[in-house]
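Shared between the two complexes below is subunit A, which has subunit B as its partner in the first and subunit C in the second.
For the complex of A and B:
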């Protein structure tokens, strides 16, 4: 499929995102879905990022603001808990950091090359000026 | 009617299994997908969807990929609404004839389109759908510009905004015509439900979407969709921009039931001056030059007048 020329496409196309039959998509979490190669879920936009979000669960209050406002379905929330960032689909927009209400923030942006462990070890302390 | 999904609070909402996927090609920070997620996650029922040509369609259906985990169709720029209306008409006919394999699944029919596709190019198609009474929801992703083709003005582009076909420069301050009042026009079709929504007020939005899914007949939703590329702001600030749009009352949140019963659904505690909303966006930058400052004053007066008008309509129930 990768080498299809511009004039070799069929007119009109039907793509299936799952293998086989799924009766209850709205009740099936991503990890339980048999995605095909035609779902953009199988692709990655990780190379778009210049900066990446790092998640520090120590300060997170599971408010889910990052989940609702993430444009890229990249905040992984399970059983009402924020458990991490999907780094294949995150484009590094930084919205999650902006909407995070904790002090210090539970998500911060770092350069794509930054070492996550090192950044977590030197996480900023609570800002006393801010309420 | 199927049972409405229970969404008491954000924690409960976050247990939803998204039917819209990442690695789509929308710009980082694009509000289109935040709106789409809130609409799709408002129900657990099956979905029959369409998208008219525009950023959302172009970026979520790049062959051989699709970002949609539901029946989804794209035909042209103008006819996303009629594509879904056709599917809905067929569904109704098969149901009447008793030929549906699973008659109690209650799919929801939703058409997504930009302001260009809705206010201008698909206008008569949408009007037809509203007039014929299809059981569909049309959602406008209103970024006030033809974003996908490089930022041409549409009839949703507001006064003073700089776009590629009405640019600000030595002789002009940009757009000279006021934005079309699409919610009022659609409500005038006497449809059961028309509303304006914003993704920052997710609870208000989900409530309106669920109301729209519950009524029988056409529903029109106008969703403000801040566009980082054309409004010219940093991608991380999308929600800040959305907050400014609702809290300055530039995008007031309200609903119109059966064409006449208008309810304001959000009254900001601290109303933000329109100037702050304009100042946060590059498309209005030139308005802050001395010779154009009068336009900022006129902007505020227009927003105040619109708010007073909505309040009067709410009171009078007309």
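For the complex of A and C:
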């Protein structure tokens, strides 16, 4: 695209989201949709993230709170099972961590450079119920 | 069709505004988003009445400003409708930001501009300040000299603008009050004939095509912006004029009325000529005819198409002329007038460079009288006789006080 000339694109300040005709887009999973390279789904739009969420499968109860609250559709969930975070679109806002109801939380924020394996290995223990 | 047709006489007595409103009715505009302003108000008022009376199937959107009016038109056009509106002067100035959006987004909107002066001082009368303000906006600009032209050019505007090879918005200009409020006999087209000239609207990349989702009005930075603007300029420079000419030809077959990209009167053997726009063309034609009885071979060149600028057509029209006056009805505010500059550009590289002088006239609705034009033609003839321009290059016609002349 970077080398495309002035005469090589459709007129107007207009972009298409999908290649060709679409049908039942609501019933098609994102990975099965024919997104064009102009769609932000095809691009990484997360390079300004400074903190990232790390997902710990061991404590997750698949409540889907994070999936519902994520403002960037970056929580990947299939058949109501939490799979992970789409790091090409997550901006690191931390809302998923905030809404996570498990104890300890199944999602925690770490600096962008943190090592995921190391953080998972030293995940916090369950908080004692305070009375 | 769910709307009523209107029986028109062959010739109706209409002013320019009503002629334009009738054209909008006959074109069956889907959406008019408008914020009325003098002197263009009766155009959108007329459409609204036709709509209320069941003569149009469409939507009239009342908005809070001209900026919103053109924004509404842009939205409706991107959605895939046939869209038009009208404005003047201050309203046009407020629309300017969105005018560039409309043309960059390649949306075929027709804007009737009833030319009026720009404040300050506030003034409701006709000059070409608003028309000049729009000339870099990427729109096609057509110029009507009388109510008949205002009626006919609306059909031409839709035909050209909606063509899939063009897809650029189009303004139809008429002079405030002199054309817009002066009733004249207008030869009409029957509803069916008028509608079939422009045909059903053919959508392109419309947002209501849910099987092909599109995003309109995207952002581009230094990586893409230049290519988009270059494409738009290319299409204005190469694609629009042939389509306008084809539309003029087809319209002539339909109506018997012939329009030209550049209108020439008495130019075959003219020694001196005036280049102007709007109602002044008609006054100048009359005077040029009378000058010939006095032994001065006078002619008139009127611009029918202002943008894209008819560079070669003007040069061709001015072939053989010895002295040319460019009449600008907008204050250049610190420069030669637009027509003076553009015509200088056309003539500079030609073999026979005519003597060119510029005149600023008619600001705020000040009359350009026949007497003014008689002395102007005489001045041009004196230039021809002397073989050089004897006057300053920029003069003012009809302004009170000590003579104003520059350059």
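By definition in this document, the second predicted complex is superposed on the first by the 116 of 131 C-alpha atoms of A that agree within 3 Å, B and C clash if a C-alpha of one lies under 4 Å from a C-alpha of the other, contacts with A are read in each partner's own complex, and residues count from 1 in each chain.
Definition applied: a residue touches a chain if its C-beta (ideal position, glycine included) is under 8 Å from a C-beta of that chain, and two chains touch if they have at least 3 such contacts.
Remember, it's a predicted structure, so these values are computed and weren't measured experimentally.
Visitor: Could you look at A:7 and tell me whether it touches subunit B, subunit C, both or neither (first, second, both, neither)?
Guide: Only subunit C is touched by A:7; subunit B is not.
Visitor: Between subunit B and subunit C, which makes contact with more of the residues in subunit A?
Guide: B
Visitor: First (subunit B), second (subunit C), both or neither: which does A:18 touch?
Guide: Both partners.
Visitor: Just subunit B (first), just subunit C (second), both, or neither: which does A:112 touch?
Guide: neither
Visitor: Between subunit B and subunit C, whom does A:88 touch in the aligned arrangement: first, second, both, or neither?
Guide: So A:88 only meets subunit B here.
Visitor: Jot down the residues of subunit A that show up as touching in both complexes, subunit B in one and subunit C in the other.
Guide: 9, 13, 15, 17-18, 25
Visitor: Can you check the complex and tell me which residues of subunit A touch subunit C?
Guide: Interface residues on the subunit A side: 2, 4-7, 9-18, 21-23, 25.
Visitor: Can you list the residues on subunit B that touch subunit A in the complex?
Guide: 10-26, 28-34, 37-38, 43-45, 60, 62-70, 199-200, 202, 234-240
Visitor: Taking the complex as given, what residues does subunit C use to touch subunit A?
Guide: The touching residues are 104-107, 167, 205, 211-218, 220, 223, 226-228, 230-232, 234-235.
Visitor: Inside the complex, what are the residues of subunit A that reach subunit B?
Guide: 1, 9, 13, 15, 17-18, 25-30, 33, 37-45, 48, 62-65, 67-74, 77-80, 86, 88-95, 97-99, 109
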